[in-house]
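Next up, some structures in structure tokens.
Two complexes come next, and they have one chain in common, chain A, joined by chain B in the first and chain C in the second.
Then we have the complex of A and B:
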């Protein structure tokens, strides 16, 4: 993936030349703006030639409307949106979109806030994007989450079914998340399960990376459609690759160099966290490339394993978090990472290419259907198709 | 008499509903309701206690980190684990960074619009705004050109007719008192603070891999490996980045945030007599300078003040806490008039409110998903004001001169602290104290690493086989919004019972068995309401507490699922 920060000045100059006839009403320097458009093109895994299209889309005059609903949430995705950097929250909210309803940041409360929502539904019907954060409680007539005296489901049905599209953000909104974990009593589900048939994008993660939200918004502004998705409706640009395959600690995995105790020598040398419970082999997410907080770090980068936070039911299927994934299919049930010393590198490489690792600890279906727990793959097995490059 | 409901209360975390009775333009009674419930403690049952912090951290994404910290402390307290000094320093750096960043976001993005009329900024003279800015601070972005640029940007935005998050604000309300120039200054810094919060919290990405919800805690220490000479660990370069970010943070706090609070406060001195509230203040205290966590060494001292009596600060014993459900949507086995300590906490959800959609919750005996915690049966307020008052009354070195200086500058006496404005000021004061302290903790970490002390985790009690059959513990944190604690009961290596009593439960909770109001409810009594359609005055007092409702609603009960009446519709 192209890193815009290291593009040569020649490329920038060429981009700027193609844009010289335009002026921008936005108060960012042209160079900064182009850099941002180029970053987005790269984040979306599009060829650089798309930059022009991105630039044009972002310069349209009337800003498309967006409403952001919060239900059984922790506001972590709202906070993650505040941390977005290319573009930043201020640019998204003030320059790119008309951010009409978002309880965590909007000025009006109560009736005045309800008016902001009602106006959007009336004036922008079928055109606005609805973002939903938090799960929707279906038990007991919805009394586990009410806003302005209305249930989460009631509000979501009205707002999402009148939207151009809905983006569920964070693993609670995509798949039910924490309130839906074993032990929960509120009947919490994700948006797709609460309201079937929506045009829906699942921007999963706990919380979803603000960078992926920014990229999704730019994609929508540019192409007027949602990005290509995997079988879980998650965008491929963010979930097309397995963490384990792009992890900088991977050479240590292949070499059988594992952290065995927190703070041991291996830990201090950046070795593989598989033995400490890392779920990277079972997780498709772009954390290794994009990282968090303006590419400052990511969990495996600081020395803690991945917990698979963008996967359905991860609170049940990926726990206990510190237990090593028990086995890797294809090596026999008793095979563990210990077996993959230097001698096994070639075999592991072949296995990885097939994306065949799918072991889990708890079966996601066991709770609801009462069936005995069985192994089940929770990530898409096949290598997903790339977005087409016309 | 008019009864009004404000729901949703925005610019907070979570789902808060306030109903008030207004008579003669003044609030005469108030009811605070949490209207969302997730049941996280039920979900924690039977889990590995070492996993609990990841679950508990999701109690709140705004107060991210603090629940993770309370959780690992509770488990460590139960298992009698002492963490290494490096782990304590990294935890304190993360919690302190969170406090600073969260307070800045609160002031600019959650609270300022109650005091600042954005539309009036268009009428400001950029030249005069520049003079005003330069008279209160040395912050370099203060030229006429800079403020003209901000004003032009705002004008383009307003002229577009698409006001987004600012649409339907209470603009033009008579309660807004700032001159246009101060409004423009505040709008400029609202935008600057958006950049600041994003940049400053990168410290969490260095030490915790990400924010929100950093992922480097461990029962027994931290997963943040230390090695000054390796690229994959905390090394000299990363310590350098943190140093740089702390320096930027210190500049922003002392040259933007604190001067802005003082400038805005000077136009709203009447709010030093509003929102006075309960007059009881509590803090567990936090930031020990020894690894045993001894309260005597706390940077934020522990204490209890009753009846605004600053001459007496009592000690706090967590065993004296009890939670009531008399007015909450739960039942207790021994009757709803009893109070239960969190270790014995039980919850049988029992929603008795009106079926949605509804207009008013009304005077029903029960009206909230929050319980009502009490200390020795006293309703108490927690948060920055409680902490600053306790430090002030205990004459903690370095606190009194700062507080007295600010009071003098505003020309008010110490009673002004017991107010809506006092909460805003206390938040700024403790932000300044914290940003001054953080580099010292970083320096200690650097020094330890320099000496070759790279220990980050206490391994001896990591394996459940090394644990006692049964253990109980609690862990407390002074979170940005106040005193937070988690209680855990571990049995056979698993969580038997888990309970959190959080700052916003103390502050936003409903009445108790004696009918004593919670902190929000009491603080609203006497609040003027010029126009019930635009209740900006109510928002001022509620926002002065910095509500966080996702945190506040919780449930724990070993048999919870038996009581729940699940009906999927």
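Then we have the complex of A and C:
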């Protein structure tokens, strides 16, 4: 994270200009505000000089509206976003936007809550940001998740199609997540699959990192557009690089130093977790840089392999979490690729050996029948005798 | 090759004098076939060993990580060999349309009735229902079919391999060409397929070497040496029967 003490002159100039502006009228110290701006610039992978632009944009923002819908979710993304106290998500982002509807945290309830949602849809049509958390059930007309008597799909359709843009937050909202895992009966899908054609940004992860949500909002406020995305509509600033390529344990991977059992010497020395099933080589996310819990830690940092939570269908494709390779489909849950492969080779080798024995017996039989095979007594390279006509 | 219209029993009579069959030395495998074969052998050996190490490292880099690059080196060897292998397979596929007679695709995909019939005969031979392997100059139809299958495995291996290789790149040729494989199956499944196909190729190799030895013993045609020299020494019977499209033997 960029340190406010080393901000460029331009940033300080922007700060001076903003001295009398809204920053000081907030409950946020200007130092904290600047720290937030530089952290967001860093999270967006922009050069530090952009901090000026970010500061100015955030100064001038006219508090656009935001509604936060929750469907088949655990509110984990709400938690993660609101608890991202460093660099002041709750204080600053909540202040930058008019947070009009968010079931987990809003004060109104019942009709009053529904009214604030309806008002936003009417008054801010095409201007507000819709955030969707949780998957949308499609089976049985979506009856598995209803709010105020309306299905999740119905609500999402109305709210998202009237928004400037939709941000799907968390792996359930982006790709269906846990409710969509094998065995799920609700026909859960992510927002993009439920309502095609939306202007959509997928902030995947379980939970999505609150810092990435803040950075996305800052990007929108600063540049008036959503950040660039990959083919899964995930922002490149957060999902452009592979965890494996950013991982602080990577030198141990390259050196061939692996944790072989939990708590062994390699584990205590911070070696690579690949043999313990780390899915970092399959996962693109900025966890190593941005980290969680006030940037104090992240899974691999604290000694647990990555589970690839930001990837589509991670619960089905990345399991078993504690093995390097998945089980072989159709051969029982415990069949590893190794057992299958060596088994296949053993079967072929066995069959081959049996066939060899059979062939030897057959040739012995031919010999004892007194029919030496003419072709075995041949002198090679003799002048060929062409077949001639009768 | 000019093959007169005669019955095979007559050939045998003409060819075998006093129990000795005259052999004709035939150039079967052109240089490209032999080269691609041996490049495949060494590439598969190196790729299997390094690939298995990447999946399950059986050695450990000792000491400070700064001074070690064991996995890095092995992966480099794996990738470098993979490029050689991929180009080799690509060329071999091209050569099956542009190469000499016994390099061509009809040796691999049995389309003619005679080769389809030869398929059954070879199967009967392998299952001890037939005494002699059906004579062939190039690949027997069953072997050809097996090589088609192995090339499909090669192509799967190349696509899954480059898909995994592309993960290290953010944009550009590799992700845009092979990235779809990862999106289609999920990366761990790509790794699983890449691993299992390796085992299938090893299993194929066992059978491949065995059937080579078996047919060498049966036919004494210099089959094993032919993949080095290109020449087989064949009986007129072989050449005749192979080129007259495996007609059923007429009993006099």
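The rule is simple: the second predicted complex is superposed on the first by the 290 of 390 C-alpha atoms of A that agree within 3 Å, B and C clash if a C-alpha of one lies under 4 Å from a C-alpha of the other, contacts with A are read in each partner's own complex, and residues count from 1 in each chain.
In this section, a contact is a pair of C-beta atoms (placed from the backbone, for glycine too) under 8 Å apart; a residue touches a chain by one contact, two chains touch by 3 or more.
The shown structure was predicted, so the numbers you read here are calculated from the model rather than taken from an experiment.
**Q** Under the stated touch criterion, which partner chain does A:281 make contact with: chain B (first), chain C (second), both, or neither?
**A** second
**Q** In the superposed model, does chain B or chain C contact more residues of chain A?
**A** Chain A has more residues touched by B than by the other partner.
**Q** After the superposition on A, what does A:176 contact: first (chain B), second (chain C), both or neither?
**A** neither
**Q** If you stack the two complexes on chain A, which partner ends up touching A:253: first (chain B), second (chain C), both, or neither?
**A** second
**Q** Would you sort A:107 into first (chain B), second (chain C), both or neither based on which partner it touches?
**A** A:107 sits against chain B, while chain C stays out of touch.
**Q** Can A:312 be said to touch chain B (first), chain C (second), both, or neither?
**A** Second partner only, chain C.
**Q** Which stretch or stretches of chain A touch chain C in the complex?
**A** 231-232, 236, 240-242, 244-245, 251-258, 275, 279, 281-282, 308, 311-313, 316-318, 324-326, 328, 337-338, 340-342, 344-345, 347-349, 352, 355-356, 358-359, 362-363, 366, 372, 374-390
**Q** Going by the contact rule set out above, which residues of chain C touch chain A in the complex?
**A** For this pair, the touching residues of chain C are 3-7, 10-11, 14-16, 19-25, 55-57, 59-61, 65-72, 74, 126, 128, 131, 167-168, 170, 179, 182-183, 185-189, 191-192, 195-196, 198-200, 202-204, 206-207, 210, 214, 217-220, 222, 233, 235-236, 240.
**Q** Tell me, which parts of chain B touch chain A in their complex?
**A** 5-15, 35-40, 42-48, 50-51, 54-55, 58-62, 64, 105, 109-110, 113, 118, 149, 152-153, 156-157, 160, 162, 164-170, 191, 194-195, 197-199, 201-202, 204-213, 215-216, 218, 220-221, 223-227, 230-234, 241, 349, 351, 353, 355-360, 369, 454-457, 459, 462, 533-535, 539, 550, 560-561, 564-569
**Q** Applying the document's contact rule, which stretches of chain A touch chain B when the two form their complex?
**A** The contact residues of chain A facing chain B are 25, 27, 62-63, 65, 70-80, 82-85, 88-90, 93-94, 97-100, 102-113, 115-116, 119, 137-151, 154, 178-179, 181-188, 206-207, 248-249, 261-263, 267-270, 291-294, 296-304, 307, 315, 319-322.
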